[in-house]
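There's a structure below that I have some questions on.
Every chain is named by a letter (A, B, C and D) in the order it is written, and numbering of its residues begins at 1.
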Amino acid sequence: MNYEQARMKFICDEHRCIECFGCAVACSEAHDLPVGISRRKVLTVFEGIEGKEYSTSIACMHCADAPCQKVCPVDCFYIREDGIVLHDKKKCIGCGYCLYACPFGAPQFPKNGAFGTRGVMDKCTLCAGGPEETNSALERQLYGQNRIAEGKVPICAAVCATNALLVGDAEEISAIYRKRVSSRGKGA
Amino acid sequence: MENAQGNAPSKIGRRSFLKLAAIGAGIGAASAFTAGKSLRAASAEEIKNPFPGSKRVKTICSICSAGCGIIAEVQNGVWVRQDVAQDHPISQGSHCCKGIDQIDLIKSKQRVKFPLKKVNGEWKRITWDQAVDEISAKMLKLRAENGPDVAMFLGSAKFNLQQAYYFRKFTAMWGTNNIDHVARV
Amino acid sequence: MMKKYWFVLITSLLAASIASAADSRIWGGMILANILAYGQEHATRLGPLFTTLQAFYFRKIFAGVLLCVPAAFLVHYLVLGQKVFSHDGEKIFVFSVFKRLVHWLAALAFIILIPTGLMMVFGRYLGGGTLVATARHLHGVGTVVFLVAVIPMFLFWVAEMLPTRDDMRWVLMAGGYLSRAKQEIPAGKFNAGQKMWFWMVTLGGSGMIATGAALYLQDFDYGAASLLGLSQIDLLRFCAIVHNFLAMAIIANFITHVYMALFAIKGVISSMITGYKEEEEVRFLHSSFYKKLKGQRQV
Amino acid sequence: MTNHFGDVAGHSKLIFIIGANSAAANPIGMKHFLQARDRNSAQLVVVDPVFTKTAAKADHYLRIRTGTDVAFIYGLLHVIFKNGWEDTDFINARVYGMDDIKAEAGKWTPELTSDVTGIPADKIIQVATLLAKTKPATVVWALGITQHSTGTSNTRILPILQLVLGNMGKNGGGCNIIRGHDNVQGSTDMCCLADSLPGYYGLDEGPWKYFAKSWGVDYEWLKARFAAPEWMTAKGFSLAKWWQGVLQEEKTYSSSPIRALWVQGNGITSMTQTAKVQEALDKLDLLVIADPFVNEAAVITHQKDNIYILPVATQFETEGSVTATNRSAQWRSKVVEPLYESRPDQEVMFAFAKKFGFYDELTKGMKMGVKDRQLTHVKDTFSWPDDASLEIARTIKTIGCDGWTPERLRKHQENWDMFDPGTLLGSGPVAGEYYGLPWPCWDAKHPGSPVLYDIGTAVNEGGMGFRNRFGLEHEGVSQLPDRSVTVKGSRITGGYPEITKENIETVLGIQLSAEEKERMGANWKVDFSGIIQEKCREAGVAPYGNAKARVKVWEFPDPVPLHREPLHSSRPDLVEKYPTYADQKNNFRVAVRFISEQKAQEWVKDFPVMLVTMRVVNLSGAGMLERTSKYLSHITPEMFAHIHPDLAAGKGLRDGDMMWLHSPQGTKIKVKAKFSSTVTPDRIALPYNFAGVMQGVDMSSNYPDETRPYAVGESSNTITNYGFDIITQIPEYNAGLCRIEKA
């Protein structure tokens, strides 16, 4: 694997995801998020309909050319060389534009501003922290753990109960996903 | 029964296409933009332990019977972080939401923190010594009045093997078979 | 109807400050619909549209407005110069104290809203952070000031601002501003330009308040989304687009208003300070009004 | 669980899940099932009254009417027998009594089965065909099967299905019953039960004497501790109906009413008849609760006095071993010291034992050991939990805990990365051993038994036949298999009886020395000397014998399992045809109503909706632990019921409205209607993970300061219907009726 050119991505295998909320709770717990903010969300589509129901887990998809970054009026986003989309909470003004641009509803706004107003944006960091000094107390407070710096997998994918949630280089994880699908008993 | 070999590829093709399309909605739309100048070098990433001097304790989840492994990072006697046990032979690092939240069990604010006694509808904090003295006196009084079958003992699956065995022994020596636990659920 | 809307707005502004860190429905209960709808053929294209507009156009248009409109007026000023009317004639009382007070309150709101709004638009050049976030909060405060001003303002002048036959002629001759000649301009108490500004401020301003409140609150449900057949997130995108375009129009008009008041006609601003307009000004620039006053022998 | 999760993932071609929702209850188990799909092209068949998250992943989903599992399996067996798809060789060689099953199955045509179960006949035929043609297949179940008035029959019919198909004792086959809590397998093995001593030894005089010896106490002293000798050998009150010991509304048979309740870790609202439990709690003279979190027992009672809550450490603040559902023992290390003033459970027991005057007797067993093949006092002090572990290892032989020494279990934990997840087989320092030494682990050298009843593996490597437990002969038929059933590597060809002092020489063909004879216990179950195990190891023989499996339990009310309608049945016409049992005079010291309850009235007239209980993935048990987690409780912040929109429409209910649910017992709960297509309009599904509200009354003000969980709600068990299993007295949770009213 060429780490220089890796584009970090998530894929959630809908045939594996069982809506156990492991990823979502792991994320909240690991990053000590306020209740009501879940960087990662678990969704079930067509619930109760035989043959159609599926579940999936969604968070920031770390788009190659992220719409959030494009619309940010204060340019608080930056994309690391490995493709992880991060943002600077000290720059963010909490305007909400990234939320309107995001196809996945990833950005969220804890109401922790003055008088309970909307605070600055919070989203999945792929467990890569933020622009503050790596593994500093400030980084942990603002962005949560920096597992990537420790050489660890993001907690959500590491913990996934059914290995539905895959993370890694976009090409490698799609290869795993394709292999899994092709050996599956009945396909879809 | 559908023929797996026959039907699978076309189905997979469509499904994975849809899936990629869903993901691509963001990426694809964005490809109209140019990324080049927005890339910024990642900040220095020297691998540092965020919890210096911590030890990693291997333990087992206390929720369900699958028996998932847990790595507890402990620093100065405090459980600071729960990590996945990627090399555990049963769970292989996996947890459900309950399992990965075990650290919160320890840290929960709702723990019972000291012995309590209800007095006229109010909870009163008491010492362990007082609790043991009062409870045992009452138990022995009831035993004297009605015999050992006056008490019902409920153990639980929370016990480890040693505690469970000793609870059974404890009850036997109290003198009753009025003992049960959640297996009868 | 209107009353109910204001009530709803005010209560929701209050409610917003009470709300805790509870789930937003946008990334809570509605997320599924929001995600699934994005980029689908049958769905609205508001997401990509907003992204494209905000990424490429909004900032440029704002910059264009900020540069081009003053530039045009500078040229106007240099080429055609100020109109000068006699300040020695009779003075006609046009604005009561209360009306002037309301006007200046609105002016204060604009002086807060426009710079803070522009600070957000051009936030990246200011480095974002506390400075721009403060601007965002002031923008909200300015909105409340504006809300207080715009309601009486609307009620004072709505009757006089209704279009008349003069307005078309005024527009056709561009209010006479393209000529140095002192000529009688067809206009009642308010000319078509002023009317345009009035409607821009009241209707456009209400639109700004409504869309701005939507963007500020994010979570609200007053039937607006279902009325428009939009999901909540698309409603917000719609609001953001409308808010920006309206802002451009209002800023352009605001600059015009300021130019007119300060530079185009010498000393015209005194009417909003003293309440009196120069007779000559009225005679030429509001000729119909002047004739009406004459008829009523009030001059 | 006869096999283990990795075995399913690696070998199963068909996973037949009935009455289990692994996706919610044990997602890591579900992971292995889904892996089997990806790796072995395994098919998933899910049978459940509700379209669960597990069902959502199924290739075949069968929606069954509650309480008709026996009928359904007979329907499958009917098709299998009719087409001659049964594994005749396996049945002839290793099973006793199959003819009776075949006769009963003959009655259950697909049409009849379909009428009773609500599953279409063609689906029954399709799944029966699939089962017959796809091997190995594993059968998975959990509480959806056991929690019935016919629970015992349910749990018998499924292994019978596997015996018919010849799937027992094979990789990828077996009966994989998934236990609930982390150590429910272990606590059950240690028999915190009213009807047995640890290791399922029972309550007869023999076992008591054996345990008295192991504990180092005088049997007569122990006997004198009881109210009278007959109460020593009589089953106690069970968790299911202990409250009758207090209330005494139904006839009880005990030396004393219950006046004190001692709870150590047991969620009180996880039992049915919660309203009765509440009444009983209100009447108690003393309630002692020892838990890390406030047990709902302290909350739902109106008592103003006589309640004590003791802070107990969580399992991360104490050390010991726990048994996973696959019988593997895992060592759980202490992570931190007990927080606040909490103490580990054993410290609580020790403190009270001192007061009760039997501390020395209680702890004496830990100071004993086997020396020179004799159980004797070996030291004056003990260290917890190691000496308790050694005591268990030397005592519990029935299930083969002999090899579970703390050293071995710790070694397994330290090297858990050295075990292969697919086979559980270790390498390197733990080479040749299976992870956690799944019981039976006959001796200190045994590697554990990952797959039960596998005769293709030598006993010393984890193989064995079926246990010889029910005599050598029944109605003239031998209970031992023929020569074809020879366990690999065994000195004995074919079957053999369980090993006793009396038969060891003849069965194994050996000569014992006089000293060996003197020190040997009466049989393999009570032999502290270890000689029987040693001789068995040499002969490659399982001490418990190699017998046939019996599908006919002659001492049970139903020798072969029979379909019996639930007490509160949605089909009164079928009640006539398949009535329940006669009323039970005394089980666990209390009378139990069966037929009189079933026939008391035509319940379905007043209570037309089927009541199904389920669990949500973020909570377990009564949710006592998880509801104190801000993140977990946030996922389901309040109690609800899944209701089909069509059913709701008839009641004038909209999504999110509150409704009253009434039970035949006259109890009611107020819950939120949550529209869902996972249920059909004839049934509603309730999570059983809430507590703190009783029949519309919020009791949560009874929580001591700062202990109230983030979420409280009505307990579904307040309205689960009356009904208990005829043998185990497990309550009926899953087949009941209710009436819905808009609140």
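Simple rule for what comes next: contacts are C-beta pairs under 8 Å (C-beta built on N, C-alpha and C of every residue); 3 or more make two chains touch, one makes a residue touch a chain.
All values reported here derive from a predicted model rather than from experimental measurement.
Visitor: Along the graph of touching chains, what's the shortest path length in steps from subunit C to subunit D?
Guide: The fewest touching-chain steps linking subunit C to subunit D number 2.
Visitor: Highest contact-pair count belongs to which two chains?
Guide: Contact tally peaks for the chain pair B-D.
Visitor: Nearest chain to the global Cα centroid?
Guide: That would be B.
Visitor: Starting from the Cα centroid of subunit D, hunt down the chain whose centroid lies farthest away.
Guide: It is C whose centre lies farthest from that of subunit D.
Visitor: Using CA atom averages as chain centres, what separation in Å is found between subunit A and subunit C?
Guide: 40
Visitor: Mind checking the centre-to-centre distance between subunit B and subunit C? Centres are C-alpha means, answer in whole Å.
Guide: Here the centre of subunit C sits 57 Å away from the centre of subunit B.
Visitor: Where the centres are mean C-alpha positions, what is the separation of subunit B from subunit D, in Å?
Guide: Roughly 20 Å, centre to centre.
Visitor: Indicate the residues of subunit B shared as contacts by at least two other chains.
Guide: 4, 25, 29-30, 33, 94-99, 101, 104 - these are the residues of subunit B that touch more than one other chain.
Visitor: Touching at least two other chains at once: which residues of subunit A meet that condition?
Guide: 20-22, 24-25, 29, 35-36, 67, 70, 103-104, 161-163, 184-186
Visitor: For subunit C, which residues are shared contacts with two or more other chains?
Guide: 38-39, 47, 51, 55
Visitor: Taking the touch rule as given, give the residues of subunit C at its contact with subunit A in the complex, in rising order.
Guide: The touching residues are 16-24, 26-27, 31-32, 34-36, 38-39, 47, 50-51, 54-55, 59, 120-124, 126-129, 132-133, 135-137, 215-216, 218, 233, 236-237, 240.
Visitor: Can you tell me which positions in subunit B touch subunit D when the two form their complex?
Guide: On the subunit B side, the touching residues are 1, 4, 57-69, 72, 74, 77-79, 85, 87-92, 94-99, 101-102, 104-106, 108-121, 123, 128, 131-136, 138-140, 142, 146-170, 172-185.
Visitor: Which bits of subunit A are touching subunit D when the two form their complex?
Guide: Going through subunit A, the ones touching subunit D are 15-16, 18-22, 24-25, 28-29, 35-36, 44, 47-50, 53-55, 161-163, 180, 183-186.
Visitor: Would you tell me which residues of subunit A are touching subunit C in their complex?
Guide: Touch residues, subunit A against subunit C: 34-38, 41, 43, 45, 58, 67, 70-76, 88, 90-97, 99-101, 103-106, 108-112, 114-118, 120.
Visitor: What residues on subunit A touch subunit B, complex-wise?
Guide: For subunit A paired with subunit B, touching residues are 9, 11, 14, 20-22, 24-26, 29-30, 61, 63-67, 69-70, 77-82, 84, 102-104, 131, 133-135, 140, 145-146, 148-152, 155, 158-163, 174, 177-178, 181-182, 184-188.
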